[in-house]
Amino acid sequence: MIKIGIFGATGYTGLELLKILQRHPAAHVAWLTSESSAGQAFGDVFTVSPAIGRLPLIASAEADLGSVDLVFCCLPHAVSLEWVAKARAAGPRVIDLSADYRLKDPAVYEKWYGHAHTQRELLAQAVYGLPELHRAAIKTADLVANPGCYPTSVILGLAPLAKAGWLRGVIIADSKSGISGAGRSLSLKTHFVEANENLSPYSIGRSHRHLPEMEQEIGNLVMGRLVDWGAGNLGVGPSHQPTNLPTYQSTNPPTYQLIFSPHLTPISRGMLSTIYVTLPEDVSEAQAREQYAQMYAGEPLVYLLKPGQAATMGHTTNTNCCAIGLTFVPATRTLIVTSSMDNLGKGASGQAVQNMNLMFGLAETTGLM
Amino acid sequence: MIKIGIFGATGYTGLELLKILQRHPAAHVAWLTSESSAGQAFGDVFTVSPAIGRLPLIASAEADLGSVDLVFCCLPHAVSLEWVAKARAAGPRVIDLSADYRLKDPAVYEKWYGHAHTQRELLAQAVYGLPELHRAAIKTADLVANPGCYPTSVILGLAPLAKAGWLRGVIIADSKSGISGAGRSLSLKTHFVEANENLSPYSIGRSHRHLPEMEQEIGNLVMGRLVDWGAGNLGVGPSHQPTNLPTYQSTNPPTYQLIFSPHLTPISRGMLSTIYVTLPEDVSEAQAREQYAQMYAGEPLVYLLKPGQAATMGHTTNTNCCAIGLTFVPATRTLIVTSSMDNLGKGASGQAVQNMNLMFGLAETTGLM
Amino acid sequence: MIKIGIFGATGYTGLELLKILQRHPAAHVAWLTSESSAGQAFGDVFTVSPAIGRLPLIASAEADLGSVDLVFCCLPHAVSLEWVAKARAAGPRVIDLSADYRLKDPAVYEKWYGHAHTQRELLAQAVYGLPELHRAAIKTADLVANPGCYPTSVILGLAPLAKAGWLRGVIIADSKSGISGAGRSLSLKTHFVEANENLSPYSIGRSHRHLPEMEQEIGNLVMGRLVDWGAGNLGVGPSHQPTNLPTYQSTNPPTYQLIFSPHLTPISRGMLSTIYVTLPEDVSEAQAREQYAQMYAGEPLVYLLKPGQAATMGHTTNTNCCAIGLTFVPATRTLIVTSSMDNLGKGASGQAVQNMNLMFGLAETTGLM
Amino acid sequence: MIKIGIFGATGYTGLELLKILQRHPAAHVAWLTSESSAGQAFGDVFTVSPAIGRLPLIASAEADLGSVDLVFCCLPHAVSLEWVAKARAAGPRVIDLSADYRLKDPAVYEKWYGHAHTQRELLAQAVYGLPELHRAAIKTADLVANPGCYPTSVILGLAPLAKAGWLRGVIIADSKSGISGAGRSLSLKTHFVEANENLSPYSIGRSHRHLPEMEQEIGNLVMGRLVDWGAGNLGVGPSHQPTNLPTYQSTNPPTYQLIFSPHLTPISRGMLSTIYVTLPEDVSEAQAREQYAQMYAGEPLVYLLKPGQAATMGHTTNTNCCAIGLTFVPATRTLIVTSSMDNLGKGASGQAVQNMNLMFGLAETTGLM
């Protein structure tokens, strides 16, 4: 059994994590922290069944860090920076669900998040926890930065094209997210009457914090820096050495540019990205489809829909999968990629458990099907 | 008082029309038809207040066509073809909410709708009922083809750029619609449990029937064929002569191409189009904004949001207005146009009443604010 | 034109009020107050069309009280107490949408709301603004206490039985409300992800603050104290003298007791009360129905559904009407009353405008159909 | 491994069953039938992940009945009658999710369902599959009639009082259901635009088909006919002999009467019953609570909420549990029981798997937590 602690368990990613871990055959949750609800039981904070509800909440400072094998950190960014470091110092491996260890270039992080990155050594060791790109590195990582929901959706939608070097010009990612992605903190835009029967674009263009995360990973693929693609499945490729790789230079973009437009939709959970890419003249629709098919053939949690099918949120709601559909428009050579996943599943907590399974030598989908 | 008949009153556009006309000071509804519910009262078909509910439903064949000044035709396309002709033959002016008289080129109609256009003479006389483009022609028209909801949303979002000749390359219109746009006929995709907590792209790319309608109107603007722009408000321009104009040649597109991707969203009514356009190098963000501001300055039912604001569905739900937001991305010269309206308001029945007001010399927004 | 000021315009009742008044032919809104948003425009607070959006918001202290004919007070209870008094002192008549002037017995108010009633003189003059019960008194009132949404729903559902003296034993009112009834203040229970796909009973039994309001009005009917029933319509009955009437003694209930169980439902607006009453042995179903039919025959905003029909929220959404259905169960002599209205329409702002129309001698439904 | 066949797999109960069985460690689904979709794959009918989606659908007539250990029958009532018999004749044990084998008295069945019960011998052998009441009998049953969703909700809410003999007078069960309970067949009342933002009572009073099912089970408890209560957990009580028991005489009801009012709510899945019972004078709130506590103390899938808590749908959505809250009103001696469960979980497919676990000697909650 993997002994587990969870920092910041009283948000939606914490709740979902607990639900998955509760039915995971190899997970034992040792403690849960919450600064605002310390002293209460988990069931005082969420309407959940007693099996989960009776778990006590403690302050992070009271957590016995050394007693667990793994810490999931579900704290907000900036707060996570420090607690991840404390946890690592005490021994356990860490999966951080915040943005604090995702951007390899601290300058990029500081620009987008507005404060200094105080843990640069740890950052250099962190592995970006998207198993479809970094499976080998995740297996041996002590610190995994679990990807953001939008980035997972868009990166998985573009990775096969990026790897093939087929990204050109302006790429539009028009994403639609369920409201749990906005978290459990109260705000007018997530107030029921404001969000219901409404649909709102926000931070559209190139202003959302998830954009640099997409650019980093897609850029690495395009520039051939990623060496362990498929290593876990296919048994090829040298071992991953993330710290020696040059970081992605977002100031020197190659032949393409990304526009990212998130929209809030009146749905509790789910995410759909509709991505518009112009294929190069010498790449046929069949070649593009084949590239996706090969890349995801061995992936247990990503699947490609049949020609003619677009992905809908319904394909993946309440699952830990990502579904991808491809529609080609010959007149303009536009490939429309529809990428669907549950923002709390493959987009957050499900992916975190997938990473845990890899880190601890378990079958990758244990507890996730 | 304008004496009014409504064909096919028991769909959502018919219901909305009745609600608007009920509070319209110059409208008197003389009869309502429904083939499937003839003999029942309107209130047997919808849960409405008695004021509307007691209105009787008759078969179309029993309607006294000659007794009214105006017929709204809310029948499905193909069925509308014939009933519009019958109504016109009997005297009253007609506003047709189907697609049957929107496409000026019968060959384009026949290609997209799969059956012959049997009323070519009438088609030649029909005016496309988008007041912001065809106000002068609508005033004197005997047959107005009320635009589709998606076309209204996208055309109003692109018209200022089209008129200025600033459309280039691939233009992406990613549209999200409430489910009333799919009508009241039963289908699995509009079954509550299938549609709720779901979001589905459909007919994406260049395969939706509303695409040629957008191309016709935008094409006319681009090619300078539209002569009465703003005539209603500004009192300039010669009288509109639609029958003499060459039809838009969709096989000879100019410098741009349109991609249109509709998405079904779990909302009863509302529509948002997120449109991505690359501005020409010599057009600044300020110039683009100014072009929108000038075009819509005198429009009573279209308004431009402040810089920094994106349009949301909430801006226009349960109104007859269209709200437009502009966001510019300097790095890629992308102008993101967000165009919001209620698909049953400005997207259908509200616009139909706006057309009625114009045709009968009333203030354009009578009953619509 | 009636010159109007609105205190506390930035809640949902204020928004709805403005929308109704905007299309009201005799209303002119002179000023709007908001303590939290003073200095902004209304459109900075809500996504509304420019016609409403450009109205400025001022602090209550800056409002020119003497310049208007009528003040609507949409402030929270307790806050309303004082501002209603200030407005009255300056001259204009007042319609208060809070609970502060609804309960005639200050002791009952103080028990349920937890603070002293500092305006007992004004309270004695206030008329409970349910036109179906107090039409004559409303016409001449200077201060109208607009009823709560739940009370309107339940009182209209029970009034005919109460007036006939047919209430016995335990009466169950199981009410379901849309979430706008909970207001615009942020709370976890109105956070989208918590409320969506959920349905929550709260304050069930005899613990909700709207209970004493129901008991007061139903009690007055039962005890025959109400003298102006229907006076507005029927032209009968002496003038209303509310201050001379003995207050309802909730400690001395007659032959019946009320249980009231509200439920929060994932709907923006709407209210349905399912009310269970045991009819006396000597009262037939037909007599009960006849009693409702007579009572509401002349009412413009209350209508009775046909036998076999239960009221649904859909009957009244976005209207200012109340729809009532009656279902009788012979085996137990249970009359199930289903009472539907829009909580923001007949349940709040629509009713407030109905009261305004009465107070200023206009047709009762002006602007409300 | 239990080899399993499913009749009628393409409804919502079939879909949910498959999802549960997919992660059940001892279940192997051998075949799925669908008359309307035979020849297609499951994934052609539902948007599901490939693991489930690739399963083929065959016609019932082609199913190899003898090759499986257990058949789940998810066919509509009346159709189920015959196919259950065919399956039993071929060998496998059967869990029927329709209403066809729930009512022990064929005359009652025929009255409510309008056609003859042609399988009386089988009916006599069928065990009502509510484990909390009939655990011992279920273990050895060859045919289990899986309870309806509303009956499960109301019976579990009333069972402790029934067993104690504390039911008196008129009992009101006001139930609210998610729309998946209405099935996947298309109808106007489950059309998205009609159901969304709406809430509809239907078949209220004593007219819904689930009423006799509640009366049968509650009646048996009241009249002491149930002998194996808790036997599964507690190891006490004689073996169950359902065929020898006198059937419940609904024409001779004891001291209480049940009113049942279902409401359709705009929620995909979930059920909440708010039940109003008048406690006898000599039964205190504490005694009532203790009775519930004892009854459900050993139950793995039913839990009692703390005093002061009402059950919400959110307590049980996407679980296989039932949550019960108790609120007492001293003034009227009313006990308000709030009973929550997921209509597809404990209300249908989850309970079916619970029954399967019991029938095949597995831990009762295998695959259900």
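Should a chain be cited, it is by its letter among A, B, C and D, assigned in written order, with residues numbered from 1 in that chain.
Convention: contacts are C-beta pairs under 8 Å (C-beta built on N, C-alpha and C of every residue); 3 or more make two chains touch, one makes a residue touch a chain.
What you see is a predicted model, and the numbers here were worked out from it, not measured in a lab.
Taking only C-alpha atoms, you rotate subunit C by 180 degrees to land it on subunit D; that is to the nearest 5. Farthest from subunit C in terms of Cα centroid separation is A. One simple way to say how far apart two chains are is to compare their mean CA positions; for subunit A and subunit D this gives 39 Å. Subunit A and subunit C have Cα centroids lying 48 Å from one another.
The residues of subunit B that reach two or more other chains are 197, 266-269, 312, 314, listed in rising order. Residues 22-23, 47-51, 197, 303, 312, 314-316, 318-319, 321, 323, 369 of subunit B are the ones touching subunit C in the complex. Only residues 170, 172, 174, 176, 178, 194, 197-202, 204-206, 257, 259, 261, 263, 265-270, 272, 274, 276, 278, 310-314, 317, 327-329, 331-332, 334, 336, 338 of subunit A touch subunit B when the two sit together in their complex. Residue ranges of subunit C in contact with subunit A, taken from their complex: 12, 179-180, 184, 186-188, 190-193, 195-197, 266-269.
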